[in-house]
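In the two complexes below, chain A is the common chain; its partner is chain B in one and chain C in the other.
Our next item is the complex of A and B:
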């Protein structure tokens, strides 16, 4: 007999659960990476508004985290990932991705450099076998440390003001930089990063700091209307920001059942990350060939006329021939526009004569709409305060 | 130099017109008499560190099609939804409104189980009317006496809209347009406080009481907007309502348009029956191929155009246009959030609108005072604290309170308002709030008081009417502002109208300005880049 009870609570509670559970008025939960996460605390519109207007708090604990340490850490990550991890300075963060040998994406994520030989990978999917196998021949240690870190994402135009009120002066922290700050006799790490396309910070701590920090943050943020937000609100903000999510906007190569599903970084609009000069990296040869021959697919941002979201819609060229499909779409409250992220066959990336077929639900009955779409830049929504230095204080 | 268009007034409609014209390639200049822009969509800092929404204070009507066409998001505009509200009852109770449907139903059921369930039927019926009226907002009304193909086509379109309704619905619609809100609500509800709450939208900005026939339509006018598809919902403009006109100005300047503030138009220049430009109060002359007035119809034609240029019948009709003021406003800087002991701890209603008028009868008594030429002694107030949601208008922990007040007549017992009248009006309002929020007055740092006198003097709203003319059925659609001139044109060639005096009327909606631009561009044979009206889902 063991004390095994996982089958009674298949979803792990994050260290913030006592607080998120009491705030979740609707009991609307969903699974994310094996954790119980709030989809909505009570009012998705007000939660979304907190992101764009005030200060929002999202429980980031379920993010999968791997620590990479050792003398060869930078070399190892440079082999593994498409961006140049050696150029990332200590105290820096960057958005990156990694591929299989065919140059197809396995995942994207953020890479934090805590020390010359100490990195943290934060991502959506689980990759331990791949990371360990790739480490052969490198003097590195790779450890899965997801549960050792508790993290919150504090996003919104008032986030710097809230942190200041909490005694954490982040005014010198530039976008994609991190620093350590004292908290209650210990320390926490704050990075100016996020998934909303707005001013925001991610706050990293140990699980035992989680509840005291939550209470401290919410007390300090009250005058700015700080509010916990669920995944529904965050998803809306990330679409406005034009960010993609593994398994929502593309299928990672390690999980694809159908061979035509995986996509390369070039096909997902991540070509800008690739450092062709840094030497060999996994997928390089395949990506070079793709660059020479041209990609099959392209990721585009779309402006859809009217006010109906194009979620799950199919795209057509000249209203007749299938040209691609929408992976994420929403009515954007910030832009007052209907926007979509879509995969299209590369020859349609210019958007000429491109149409979307939307099934609009009107009281149990679908109405079919065929609308001309326009290819537009991502991010769709890109306020100056996202990058402003010093950060906006409200 | 000669502009393609000179627009008189930097209200939001004037700016909307200017933006569309500039984007179509016209050289435009907006002339504003005040040192600031915005008209009744304005935010000024009258107390250090506090930004007010000096006139309009909430947004719902402003058409998302316009925000999108003119890229107002890129120019900084954000609309924030707010949370519910409450009516305080005499004797300590309250009725709360919540965004959550179930919370709302349970709250209504505390007052009447029947009303709680009736509310869904009522909401459905109102939404039906909204679906009918919405498509008309962004179209030029047809001239029913004309035989031009476009007018005939538009009349046919109107007839088809009516024809699409069942006979029962048509009858309902006509009843609704002509009824009083009091009678209409009686058909659904029994609780006085629920009726008192729902009647509010029927009197805002209107010189009618809740028992006056025609008030039901005014309610619809306030319900036909939306915030991101939530029909009937209202929100704040982040940074105050002036953020709307600031974003419009930025959009206009990005398109090459100009705005001149600080000296108003004294006279619209007319030569050989055509408008040729404007003469400013400071003597400057600005030449334009056309002049488009954002001022109300009375101000435009009775104050700034020589009467000899106009047909007598037109002048008579303009004089008869009803534009009676009925509202006032208090803008208050608060040192701390007010406390309303009737509300439960942590209740979200404080982030919505707060009312003290707990029955239709009380509201009607307030109107009785207006009829007698006095401001209401027990006024209706729509109290909002935008800073409960918008962090940008005051320092943290401080608040801006906006109190919209009815009724306030254009004249006190037939004579002009005096400063003493204004102070009496102010104290009446402040005392009412104090009686529901003890200690409120001690938190007041500054009050801006606006009676119809100030509204007329500052914003140029004749008689202080907030909608540039009443929204009664006789003054709507092809009769707005006057029969024969609902297509944004006037009897003088090249003199146009684009303000709220025109179809579809007042509120920060932008539709008059957009429709006027569409007509101007059509006549100039330029193609506007303009979205069609969105569907009501």
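Our next item is the complex of A and C:
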């Protein structure tokens, strides 16, 4: 037992690490699912600008991935998840979520259908015990393959142009579809998906293809100012897009220590995904009861006056009674507005007489602001190019 | 085809009780039994040509009084004879125990202990007669709980304190505290752990003794045997209007629109009803009959974790003559458990999948009461032998022959010459009991009766009130509160819950 050295490298390197490390001029790293990931390479504003105005590359390797195969794969996923996996066509991708028996969220993620009996789940947290328990009685194999796949997210209005320059013609690829493309004697998979609310693609390959592909992509993208981005810039983009993140906007039921923390899909604005007609799924009966009784919480988008981010702030009704809290907030450069994602008690979801108490740090001194907020639709930022067919070329 | 309000799966004691109560309240009930006759663990079987023995259970601590009277079983010919206990230990003279009465140096101490434990059992008994209390306020029968709580408090300060001290204690400590005679300590230890996967030193073993006392004061023999009990219950159920179908094994429970709406038999026949009530094993009900698709993943996982280890084997011997147990009354219950330590020592090996060298056992000679169960002058011996490994390391057949050999050696020591009179021997291991009676793990309570699987945890918190997460499906078997033991309370309570819910 003397040769154990895992404690010397508490965070794994992704297959792109040689490139991300040399590009990370600030040495700003953070942990994500056990991996070292760049929070910022050099300048968060330039990185954000690449997402919205050029082409950005985010290392997606730490995203947790499970492969589900077998004759019962569709039935299994329909019992596991709230959306109808059987209706997802081969070559399709959809956003979905899954719950415990009480109808409380365990995670959300994307589901890729590679074949009639071959699916891939991509999500934030690890769930193998739950996925295996859920497989009891189903003819399926469930395996975690996080480390078998290297992935990059290429996002921005120039992303289709960059891919074309790289010899990958994705012009026929519709949003939430994927296809396989030849690369260097092998193949990679490209899906028109992303977490920025912009035109973008996710590129899936084997770890041995990672470095050659990175070099090829950056060479092809140079004319468009392609730039690696860190989590800070991505987080700003995802807030503008109104996307939620597990453990940032809600606590997964299996991790929550406090009884009142778990949230249902109805409470997190994911009710539109639930297929009530597909048969039983885990949590369905609890969700039906919640639907009948009314939910306790609601997720809302907020327009906050001024330019101070409302991150972590508490919301009040009539400036007096606590009504909820902000889970994500930012000054949006695209909208020139301060926006926030918040959980509020369901009766305040309309936003009437709703206030946010912001502690603004001004030169070592907190200043307390009590500002009226307006409930607005998410996504806050929703450019037409996100869904345009064929994709915009610049 | 006639349509039914309710289908009850499983014609055991609880299934019969549940079906009869529902039919008595005007429901159209179909009772489906997989075997050729109803009764489940209560039955009889010709295990060798000319020799008949109880199929599984051979004594009862008594049917639930509500079942007995509610079904009018006396009118259908059911009567019980109390059975005294004869304790056999080493070379000592047999000792007779009837209730709290016995002889020897501990006679007074045993009477006092019996009186104390019986008083505890009396105040706990009402909990058997309804749905278990819940851990949430909603739907709680506060009035009943208050009455039951006051009854417990009515024991008086000292006895109430004594109950709280003892309720979760192990029976070995109680025996050590209260008694000196190893024979009585052995009897107490044996009776507490009979049918359990526990030794006398295991935590919480005394509560099983209290549970036994709360079912009845002492062992009873149904006149005519367990088969007669089953026949009387079946006749009463039929008279109440229950349609009873035997040789009808249910293959699956089918659902429509998130509701159990009927059953499919192995023959392929489908029968529909407004409600499906399962009086068979809960684990089998959920995992084999319902399946994962209609149940949530967390609940389905838990159904696989209902602990159900059986440690009791059943011995049937065909004897060419009456064995002599040192002059012990052959019509009594003969308990061979020389001391509490001996019971514990018999339990230890099964933890490792091994067979005890000197098993402990409860022996009856049914032919002392039912002479026609064997050819003239011949006899039948029926014994519950503990402990048998539920997962034998050496394999089932090797464990069976080793346990049979060890059991016969113990019997021979108490009844010299017995081995020479054996015409036929049958030893049912827990695995055989599972295969014959559908008791998972061979546990005759259809899930271990242990503190952590009692009340609101029996068989699972989400299905403890007889209703299950699947609308239209109810439980009524021994796997539900308050457990089994040829008693019928679970089935009777389930029917009550169904009627109360107007389901």
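Couple of notes before you dig in:
Heads up, the rule we're going with is that the second predicted complex is superposed on the first by the 391 of 394 C-alpha atoms of A that agree within 3 Å, B and C clash if a C-alpha of one lies under 4 Å from a C-alpha of the other, contacts with A are read in each partner's own complex, and residues count from 1 in each chain.
The rule is simple: a residue touches a chain if its C-beta (ideal position, glycine included) is under 8 Å from a C-beta of that chain, and two chains touch if they have at least 3 such contacts.
Keep in mind it's a predicted model, so treat the numbers as computed, not measured.
Once the two complexes are overlaid through chain A, chain B and chain C fit side by side, free of any clash as defined at the top of the document. Applying the stated contact rule after C-alpha superposition, one finds that A:223 touches chain B and leaves chain C untouched.
Residue contacts after overlaying the shared chain place A:306 against chain B, while chain C stays out of touching range. Touch criterion met: A:79 reaches chain C, while chain B stays clear of it.
Between chain B and chain C, the partner in contact with more residues of chain A is B. By the document's definition of touching, of the two partners only chain C reaches A:283; chain B does not.
Judged by the touch definition given at the top, the superposed model places A:134 against chain C, while chain B stays out of reach.
Across the overlaid pair of complexes, the angle with its corner at the CA centre of chain A and arms to chain B and chain C is 160°, in steps of 10. Once the two complexes are laid over each other on the shared chain, residue contacts for A:316 go to neither chain B nor chain C. Judged by the touch definition given at the top, the superposed model places A:43 against chain B, while chain C stays out of reach. Taking the two complexes aligned on chain A, the least Cα distance separating chain B from chain C is 44 Å. In the superposition on chain A, no chain A position is in contact with chain B in one complex as well as with chain C in the other. On chain A, the positions that touch chain C within their shared complex are 75, 79-80, 100-101, 130, 133-134, 136-138, 279-280, 282-285. Across the complex, chain B is touched by residues 42-43, 45-46, 49, 52-54, 157-158, 161, 165, 223-225, 305-308, 331, 333-337, 360, 362, 381, 394 of chain A. Of all residues in chain B, those touching chain A in their complex are 64, 67-68, 72-73, 78-81, 83, 99-100, 227-230, 238, 388-392, 396-397, 531, 534-535, 537.
Interface residues of chain C facing chain A in the complex, by the touch rule stated above, are 255, 258, 287, 291-301, 304, 462, 469.
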